[in-house]
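Here chain A shows up in two complexes: once beside chain B, once beside chain C.
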Partner chain A sequence: MTVKRKVENITAERMVINWLGLGLFALLGVAAVVPLFLIIGDVYIKGIDAINRLGGLWVFLTELPPTPFDERGGIGPMLVGTLYMTALGALLGIAVGFPLGVYIGEMRREKFANVARAGVNVLVEFPTIVVGLFVYAVMSLAKENLNQYLLGPLSKVLSPLGGWITWFIGPLDGFNAYAGAAALSIIMIPYVALITASAYASIEQPLREAAYAIGGREFNALFVVLRKAVSRAVVTAALLGTAKIAGETAPLLFTAFGNTYYAPFTGPTAAASLWIWYAAQTPYDVQIASAYGAAAVLLTIILTIFIIARIRG
Partner chain B sequence: MLGFLLVVLLIPYLIAAYGLLFVKLRWGLRLFGAFIVATIGLLTAMFLVEAYPIIARDGVAVFLQTRWDPVRESYGVLQALTGTVLTSAVAMALAMPMALGVAVTINEILPARWRGVFGSLVDLTATMPTVIYGLWGLFVLGPTLQSLINTLARDTMTSPYTLFTAGVLLAIMITPYAAAVIREGYALVPKPVEEAIYAVGATRFEAVLIKLRYVRNYILGGFFLALGRAMGETVAVAMVVGGNFVRFTTNVFESGITVSSLIALQFPNAASYQYMVPALFAAALLLTLFGLAINAVAIYIIQRGQI
Partner chain C sequence: MAKIELKDLRVSFGASPVITGVNLSIPDRSITALMGPSGSGKSTVLRVLNRLIELYPEAKVSGEVYLDGQNIFDMNVLELRRKVQMIFQIPNPIPNLSIFENVALGLKLNRLVRGRRELFERVKSALEKAQLWDEVRNRLDMPAGKLSGGQQQRLCVARALAFEPEVLLADEPTANLDPENTAKVEALFLWLKKEMTIVLVTHYPPQAARVSDYVAFLYKGQIVEWGPTKDTFTKPRHELTEKYVTGRLY
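Presenting the complex of A and B:
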């Protein structure tokens, strides 16, 4: 009788610890995502108010940013710069990241594929500012020769096409949109590669044999037949990677540099994230407001891409 | 000339890699592998070259002295290094319990159809732009933490922007990275092991503890991956850390500086000084080596302990 009671006591005690322990884990888990709601709420409440104060949505999306003495203004050049650099960076990131992912996912038995996999694993965790500094260093070395031998003559050849071409192609400044896009693509490559690799690695062996059997050349088997099996995962990876690089700031600090005017992409280029970084640290209310507005716009772009990726995936 | 070779060879290289994919697939793929390895090698080499002037002048002393005084051309990154260690320590101490909580909540506590939603929220925390975290830290988190800490212990936090603020902000940002690795490991605990745990009469909580011990390699791996993120994070930290690169401090409730935010804040005016650009590249080299070492450890731990 006493023995039974003792067992019951322990059980009750253990149940209490059980619920307390599980409750603690749940609390900690919830604590990890609560800031997300606080941040999104803060950005939208202050951001929408700021956009209204600075002249409404259309003005905000197209006009130049406010100087400290302006009443209204927007983030037009920043939006254009962000979209341009993100699109270029994402294209380049997928163009290199996808084949790389196929390599480290499909050729796992090769020694060099494992070296490449280790490289990708390192690069995905790399501090983004280091990537920006790297592109800056390459750019400052390459700029002069590049302008002299390649871009100078090229822009002369292309000049009959009209003035608009100088916005895209021409002798580069030390800071330009292409350097920014290159830095963004280096951040995106390992991201796409890793997800592609794990998707290819999870293809079942019979399916792989079937693909090789009907595909003829290895290229067709890998890139045409098997791609269909993993396309969903790869598209999701591409979208999430794009969402990630759209908001990156550190790699753009020394590559795109930022600007406050609509300017050719061959020179310093504005980006929404760079404007938030700059304007938030000024002492002027109107510029801080425009930083919040820019944050709301940037967050909307990223949330849209993220939700599309989640619904598809 | 080096620069010319670099960029002009890069484009034909990528075209050749794509061409080879059609002709001889394996070699084409290998070129892509070589591309990524070469990028990392080139990056390290480039930083060594760019940092050489200051290392030739000061030797390792550049990493060991605390004076950052551009006017006298004296550059020491020790206080930035200390700042990085302190902010990372605060961040890891807060982030690891939260990451464990996330992994357990998703795998054990939530009903199956809420798991995906909660997982998406955690992933979104990782995808959010760091500059938006910085904005929030600047106007909401910093002032809130200051008043909170000062209510608990009067006058400990004199400014809203301190190493502690940066650490708390970092903790929020890096939790998903640690959580992702732990979640992955947790889901891999074999069913027979789980059944055995319950068969000896464990409660749910005891089972959780045993399973966490079972995946300890993943927890350790997640720890190092998150640590790598914490050390490298730039923009958000630079916005809330206070930007104090003059006075050496080991008090987390004072303004400080970290290695990456030193680069971000000082680089724009570095060109006016003779040795500042090399000094900042030396700091970047330090970040790179840290990143390589920490990730190597993390990858080794995770691969060794794969279930």
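Presenting the complex of A and C:
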């Protein structure tokens, strides 16, 4: 009898400890997601209210930002700038990051692949404002020659196409959308490269052998056959990387600079993140409201990309 | 006439020798089994024959291998791998690709077909030869990863056959299959040998006895004995061979 009671006691004790332990972890889990929901909730409550106050969704998405004395306005130029620079940055980031990832993941016998891997590992943790500063410096140095010998003549050649072309191609200002996109791509490249590399490195040897047996050429084996095996991971990486750069502010400070008008991409370009940074600091309620509205829009873009990535992954 | 001729083949991985001088001639339109315990170098010999060994940068290969009298190391590797196809121990279809695409991909990448009609015919005939067509004809668009293990392996056979190869290398193709699927694959090999040379690696002597015409017994990187299967199993010349085929050496 005594023995049995002892066993029951141990069981009860263990169950209590188990509950306490699980409860503690659940609590920590809740603590981790509470800030997320507080931020999302705060941004959407204030943001939606602001968008309604400033003239509704369509006005907000298309019109110029409010001056301190306006009652309505939007973030039209910021939205266009963010979408343009994010798209360019993401394309460039994937175009460079994917092959780079294949190189460092699959060609480990190459000596330089190790150097590249180390470099990419450093770059992924780089302060983003330093990336912006770097692109700013390069832009300052290269701008004159670039404009004189390439972009100036090019825009003359393209001018018969019509005036709209000057919005995209032409002599660059020190601040422009392309510098912004370049800075964003430098942030995206290591991100895509590392995930691609680890996806390729996790391919099992039998599959790799099959790829070479049927693909023949190394290029085919790596970029056609094995890509199909890792495409899901790589697409997810590309989407998450895009979401990441869509909200970046620091790298755009010295590169896109920001603007409050619809303006050619060859000059200072507006971005939603830059507008939030600027407008939230002003003492004017209407601009602070537009910053909250912009935050809600930006968050929507990022969460949408993120959810697509999750569903696919 | 020997289809494949190996002369003093030596392979080492880094500092450790794996194959230490193998001479072998593999007759055309027959099944030659390479049998031996784990680590004897069977799979390595196989990977030399289609030069997949070159995927392993630490592997050093010396000696000569002739396919129809032509040194394979002088051949274009794409041409070699087209003629010498391989089936692996673990069924390895490309998991996200459909059944059809798995068979078609190699043909497309190597530009072996002209037009969709021919591609379809080649895929169909490969699947028929691999005895898989009837099971998958209505679901060619299904991801290959959803097939059963035995079907996946026959899909890999079809993928190899689509190239219309002259030589089929099989690296313990039934090691991961149940007896029923093993029997199917073995029957398939017996039928295919009318058209091609098959080199079958197995660590299971009864399989070698069942299907092969010739057998080579590898042990520690060397061929201990080599000859017609019947003779090797009934009158082994070497003590090691006798021990191996009677299950006392592993």
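In the analysis below, the second predicted complex is superposed on the first by the 283 of 313 C-alpha atoms of A that agree within 3 Å, B and C clash if a C-alpha of one lies under 4 Å from a C-alpha of the other, contacts with A are read in each partner's own complex, and residues count from 1 in each chain.
As a working rule, a residue touches a chain if its C-beta (ideal position, glycine included) is under 8 Å from a C-beta of that chain, and two chains touch if they have at least 3 such contacts.
Since the model is a prediction, treat every value here as computed from it, not as a measurement.
Visitor: Which of the two partners, first being chain B and second being chain C, lies in contact with A:43: first, second, both, or neither?
Guide: Only chain B is touched by A:43; chain C is not.
Visitor: Using the touch definition from the top, say if A:29 reaches chain B (first), chain C (second), both or neither.
Guide: After superposing on A, A:29 lies in contact with chain B but is clear of chain C.
Visitor: For A:225, is the partner it touches chain B (first), chain C (second), both, or none of the two (neither)?
Guide: Only chain C; A:225 stays clear of chain B.
Visitor: Report for A:129: first if it touches chain B alone, second if chain C alone, otherwise both or neither.
Guide: First partner only, chain B.
Visitor: Quick check for you: in the superposed arrangement, does A:71 touch first (chain B), second (chain C), both or neither?
Guide: After superposition on chain A, A:71 lies in contact with neither partner.
Visitor: Of the two partners chain B and chain C, which one touches more residues belonging to chain A?
Guide: Chain A has more residues touched by B than by the other partner.
Visitor: Is A:208 contacted by the first partner chain B, the second partner chain C, both or neither?
Guide: Only chain C is touched by A:208; chain B is not.
Visitor: Taking the stated contact definition, name every residue in chain A that is touched by chain B in one complex and by chain C in the other, in rising order.
Guide: Dual-contact residues (chain A): 217.
Visitor: For chain B, which residues are in contact with chain A within the complex?
Guide: So the residues of chain B in touch with chain A come to 1-4, 6-8, 14, 17-18, 21-22, 25-26, 28-30, 32-37, 39-40, 42-43, 46-47, 50, 97-106, 108-109, 118, 120-125, 127-136, 138-140, 172, 175-176, 179, 203-206, 208-209, 225, 228-229, 231-235, 239, 260, 263-264, 267, 280-281, 284, 287-288, 291-292, 294-296, 298-299.
Visitor: Would you pull the chain C residues touching chain A in the complex into a rising list?
Guide: Residues 47, 50, 52, 55, 57, 77-78, 81-82, 85-86, 88-90, 92-97, 105-106, 109-110, 156, 159-160, 163.
Visitor: Which of the residues in chain A come into contact with chain C in the complex?
Guide: Residues in contact with chain C: 109, 204, 206-217, 220, 224-225, 228-229, 231-232.
Visitor: What residues on chain A touch chain B, complex-wise?
Guide: Listed in rising order, the residues are 14-15, 17-22, 24-33, 35-36, 38-39, 42-43, 95-96, 99-100, 102-104, 106-107, 110, 112-113, 115-116, 118-123, 125-131, 133-134, 137-138, 140-146, 149-150, 186, 189-190, 193, 217-219, 222-223, 240, 243-244, 246-250, 253-254, 273, 276-277, 280-281, 288, 291-292, 295, 298-299, 302-303, 306, 310.
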